[in-house]
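Shown below is the structure under consideration.
Going in written order, the chains are labelled A, B and C, and every chain counts its residues from 1.
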Amino acid sequence: MKKFKEKLSGRIFFALALSSISALALITVFIIYKGAQTFIDVGFFKFIFGMSWSPGRDEFGIFPMIIGTVTVTLGAAAIGVPIGICCSIFLAEFAPSALQNIFRPAIQLLAGIPSVVYGFWGLLFVVPLIRNYLGGPGLSILAGAIILAIMILPTIITISEVSLISLPRHYKDGSLALGLTQWQTICSVQLPAAKSGIVAAVILGLGRAMGETMAVIMVLGNAVALPDSILAPVRTFTTNIGIEMGYASGEHQQALFATGIVLFVIIMMLNSLAQYITRRKAK
Amino acid sequence: MKNYAALAKLCYSFKLQILCFAKIYKGWIIKILNVKISIKNLNFYYNDKQAIHDLNLDIPANEVTSVIGPSDSGITTLLRSLNRLCDLNREARAEGDILLDGKSIFGKEVNVTELRRRVGMVFDVPAPLPISIFDNIAYGPRLNGKKNRKELAGIVEQSLSMAALWDEVKDRLNKPAMSLSGGQQQRLCVARVLALMPEVILLDRPCSGLDPISTAKIEESLIKLKERFTIVIAPHNVQQAGRISDRVAFMLMGDLIEEGTNASVFSSPKDRRTNDYITGRFG
Amino acid sequence: MKLSPKTAQKIAKTLIWSAALFVLVVLVAIILYILIKGLPMINWGFLTAIPRDMGRSGGISSTIVGTAMVTAVAIVIAVPLGIGTAFYLAEYTKEGMITRIIRFSADSLAGIPSIVYGLFGYIFFVIYLKMGWSVLSGGLTLSFMILPTMIRTSEEAIITVPNAYREASFSLGGTKWQTIIKTVFPSALRGIANGIILSIGRCIAETAAVALTAGAVLRMPTSLLSPTRTMAYHFYLLATEGISMENAYGTAALLIILIFFINVVVNAGVNKFMSKGK
């Protein structure tokens, strides 16, 4: 009886552990099952590089959205990564412990705030700021990049901080003992040693920025056109799905799922890359 | 008269013969009747690293057997293989055999949890579970299916008394075990093992972190306990082995160097390394 | 011109401090902005009245109930799965092919954007399993989404349980199952509870995934199969469709307060957990 219970419990835990695998498999299968038809109907090349997206005329080209996604994501990284790394250095090296105890929960809170709230704040605060001081409609790549930069900060800060503080203490002590300043130590010893963790943090941050939907819908303007400056409105994969899923049907809906496939594939590649980097370091 | 003399002579020679026989085979007889654990050609590996080399040792019942030696000699491994706690380490692998009451403990049909109940263990660091004193002692019996509160209370009192702890804790049995001092915690761990009514008690450097008074108390109770249990202890120093043990085994780098009674090993060691160790030249 | 190390140190220090302060200021700005405009809106009537006229007037009670129901479904499904997976990874198996695949899946799930979860939930639960837009579809979709969080926090909590507890239990003749249930699980409970609370926070804050799976109906949900609208989505619709800025602010303020509360609880728990470990 006892042995039976023992065996049974092992089996049950194993079955439960398969849940994440089956979840991932289900998601992959169903997204592809629904969206793959578009690649066949429209043609892979035409879908990816098509310049025109107008569901009414059965034209499904997502190239402007690829450009939109890439520019907004890179913009977010350009703003968010330096600030994020600075904050992680601050937490790991500079912050007095009282400030650490405020800063860490604050970062968690930043991660917990609903994305719609960020979008709302961007719409009411950042967008008018850009419109009034830089010109253009305000709803723009820049606005999206700023909001996303704030939203990816928690990811970047937490992961890079962990990789910084888990460095062996003697790295730092050795360097300081050689008469290097704290900053020289950080630049020449700590940051290079924590490189893989920081790179993984940045990649995961990019993934988050690329996958964010509700916040960017509110501030990007969502025009399907190639942007001519960072003050121009754009549309990304996610906003495309978010805006049109509500009323799409038939081929149009399929095309949205196909957009989802493109997003899914890119995110999975980024994830795998980040995991590969952290695992390699673990060995 | 003559007959009487002849009879007496006969009797005398017979007696001599018996005495002689007994003298020659005494050790052998005692062993046959009294060996509790018999270790035969034990080899122990962690992955490729060999921790114990071809070890043969008989442990008599109702005696205190000390296994002494420098750290890293395979003593902990030896103790942990006696109740197969080594199984928990996934890299561990044992060859050879260990007989408990003449039966192999490595056999397929052996119930490992039953074995661990018969061969209890006390660890080097006091490891009370984060529950109350009462629950700590009752943990084992409860796993065994004893539910009756009155019966449990009896077991708890008896075990705590045997471990010389009852008087100190009888008024606060429901307090968390972590609130006890280090020495009390370790006696609690002894009591916890006693509550299972094991046949053998293994103690792995049970006094290494304790003050002399607690150590004395534990040693005192061990000497009393050997009337009912077989005790195998890895003492934390040579002096302790001298104070409490009936038999002493000396291990070095995974080899059993010498084994014998307390007096023989300490007063006339056969091996130079044993001598060096017990006189404090190394280790 | 080359900076002297000392000047470089000074400049860098200033930059790093200002970056950190900047982040704090932004956080405070966002929270204050929402709270100042939204707090006056929150009163008993707002919380308990059914939304009327698309949410233009009335309260937000049905969206609160909807959010609670969706979250409850997600938690009920994801918690056992997550804890079970964590125990399997931490206690039942050695690192190998299978654990690598499980970890890869969990980490990948953590990175998948919520809109993709929404698409999946729509096609799988709403259409394929014919659940329609409903509390159940939304909750199941969210349970997939919070699964990696549950796995990671539970596994961390289990790993932090001192090995001595396990050894003690085994040496007293406990089986693996008894050891896990009576010793490891109670000791890891606080960490696991934190994971659950964090997951609840994620469910409450989520918009894109539930928008595509739970529907947008403002009626009070009566069963698991009735469609509903969660607070976050309600807030989004109020704000972007220009229905009622006042009510939007009120809903946002409530969301912020909830998230804030959850973070406080988790941090208090973590601190207690840490001090207990010492």
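Keep this in mind: contacts are C-beta pairs under 8 Å (C-beta built on N, C-alpha and C of every residue); 3 or more make two chains touch, one makes a residue touch a chain.
Bear in mind the structure is a predicted one, so any value in this text is a computation, not a measurement.
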Pair exhibiting more inter-chain C-beta contacts, B-C or A-C: A-C
Of all other chains, the one whose Cα centre sits farthest from chain B: A
Nearest-to-centre chain - CA centroid comparison: C
Centroid spacing, where centroids are CA-atom means, of chain A and chain B in whole angstrom: 59
Whole-Å separation of chain centres (CA-atom averages), chain B against chain C: 52
Chain A-chain C separation of Cα centroids, rounded to whole Å: 17
Multi-chain contact residues (two or more partners), chain A: 2
Residues of chain C engaged with two or more neighbouring chains: 175
Multi-partner residues of chain B (each touching 2 or more other chains): 113
For the chain C and chain B complex, residues of the former touching the latter: 94, 162, 164-175, 178, 182-183, 186-187
Complex interface listing, chain B residues touching chain C: 83, 85, 88, 90, 113-114, 116-117, 120-121, 123, 125, 127-131, 139-140, 143-144, 189, 192-193, 196
Partner chain A, residues of chain C touching it in the complex: 5-6, 8-9, 12-13, 15-17, 19-20, 22-24, 26-27, 29-31, 33-34, 80-81, 83-85, 87-89, 91-93, 101-102, 104-109, 111-120, 122-124, 128, 144, 147-148, 151, 175-177, 180, 198, 201-202, 204-208, 211-212, 232-233, 235-236, 239-240, 248, 252, 255-256, 259-260, 262-264, 266-267
Touching residues (chain side chain A, partner chain C) in the complex: 2, 5-6, 9-10, 12-21, 23-24, 26-27, 30-31, 33-34, 82-83, 86-87, 89-91, 94-95, 102-103, 105-110, 112-121, 123-125, 150, 153, 180-184, 186, 204, 207-208, 210-214, 217-218, 238, 241-242, 245, 256-257, 260, 263-264, 267-268, 270-272, 274-275
